[in-house]
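Okay, here's the structure, questions in a sec.
Per-chain numbering from 1; labels A, B and C assigned in written order.
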Amino acid sequence: MLRLAGFASSQDISQMKSLNPGSIAPPFARYSHGVELPAGARLVRTSGQLGLATDGSVPEGSDAQAEICFSNIRAILSEAGMGPAHVCHVTAYVTGRDHMAGYMAARDRFLAEVEVLPSSTLLIVSGFTRPEFVVEVEVWAADHSASE
Amino acid sequence: MLRLAGFASSQDISQMKSLNPGSIAPPFARYSHGVELPAGARLVRTSGQLGLATDGSVPEGSDAQAEICFSNIRAILSEAGMGPAHVCHVTAYVTGRDHMAGYMAARDRFLAEVEVLPSSTLLIVSGFTRPEFVVEVEVWAADHSASE
Amino acid sequence: MLRLAGFASSQDISQMKSLNPGSIAPPFARYSHGVELPAGARLVRTSGQLGLATDGSVPEGSDAQAEICFSNIRAILSEAGMGPAHVCHVTAYVTGRDHMAGYMAARDRFLAEVEVLPSSTLLIVSGFTRPEFVVEVEVWAADHSASE
């Protein structure tokens, strides 16, 4: 667990606001149609993460690969004192529609304890740096708590 | 109309600056090569929007689908007190080059009254969450008017 | 050269922090897994840049096209008083895996003098606004030095 003790909720952590107008079709899954970041946030941008384990192996399937992507994202955010609740946008790219469900399962686990859900974009693209990768995930995160 | 009375121009609203160096080929269409956001903006990030009407139908063609995408984006921005003039970047994804013109027509309507044009990225990708979608649109927006 | 005299290093310029946790596989190339931007930055977002020369020609190959993309990005950033050291994220799209090496060579030249490396995303997509383009590049940049 990378979350710091004492964080009461994602609302407290991030001061992000979820934007889900009732006049449009609801989100397809557990994300927000938009997020609003008050002025004065620290921001983190990650590189696109791939399903490469530290032993150099690449597991099969989008769920297992996305699990590594999100684990990497946790580690990157942690270097900045942030965690899943600070994520304001997730973009994921998969190489086929059949890889979407596995990715979404991993995303749901990553965001399980998050109250103010990030916005999300999910696309099918042709591929990544190596042919065995089937999913790539990147995030923006924001933290308004640091007054310095 | 989502725009608030009293907003004189997009320049006044957003304090964004358009970056269009004369030394490079001009933009292909009505957008800026880059935008500069002064420090201290509130930011909004939307999810990728798709052409799903509130009755669950998906119209044919990129113009009609993009019209829904931009209508959704208006509604999302409105929840944060923003509108088209606050948009600083638009990214659109289409499933074929023949869908670009329809998308661009919808984008031009969305930005018709905007003076400081956002930057723009337009790509052909393999697809979206459902096979009937031919275009997906997402934006960043920024507002410098909120002094708090 | 667009860099201003007196800039000691990219660390001094941008106040960006590179996020490269030791617990995950290192980046594939010369970029950071993540970057942290302190609050209060001016931001620049560019449009996706393509390999279109000012005489209207499009050179062959991803290295030559990406060279134009990065040259354009230098010019756009320069309009905001920024340069390569202010770039916090680079996203590149290529139309095939065989175009990656040329793009990476151009990116390495663009970032040659940069100490705090940006995060990076590299994807294979189906195409761009015209069929002769094989690479598109866009960046975010941030500058914390402007106190106003």
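Definition applied: a contact is a pair of C-beta atoms (placed from the backbone, for glycine too) under 8 Å apart; a residue touches a chain by one contact, two chains touch by 3 or more.
Because the structure is predicted, anything quoted here is derived from the model rather than measured.
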Which category does the touching pattern between chains fall into here: line, ring, star, complete, or other? complete
How big is the rotation relating subunit A to subunit B when the fit is done on Cα atoms? Please round to the nearest 5 degrees. 120
Same or different, please, for the subunit A to subunit C contact, judged on whether over half of the interface numbers appear on both copies. different
Using mean CA coordinates as chain centres, what's the gap between subunit A and subunit C in Å? 22
Would you please write down the residue numbers of subunit C that are in contact with two or more other chains? 40-41, 125-126
In their shared complex, subunit C is touched by residues of subunit B numbered 17, 19-21, 23-25, 27-28, 31-41, 88-89, 95-97, 100, 119-126, 140
Once bound in the complex, which stretches of subunit B touch subunit A? 40-49, 52-54, 56, 71-72, 75-80, 93, 125-129, 131, 136, 138, 146, 148
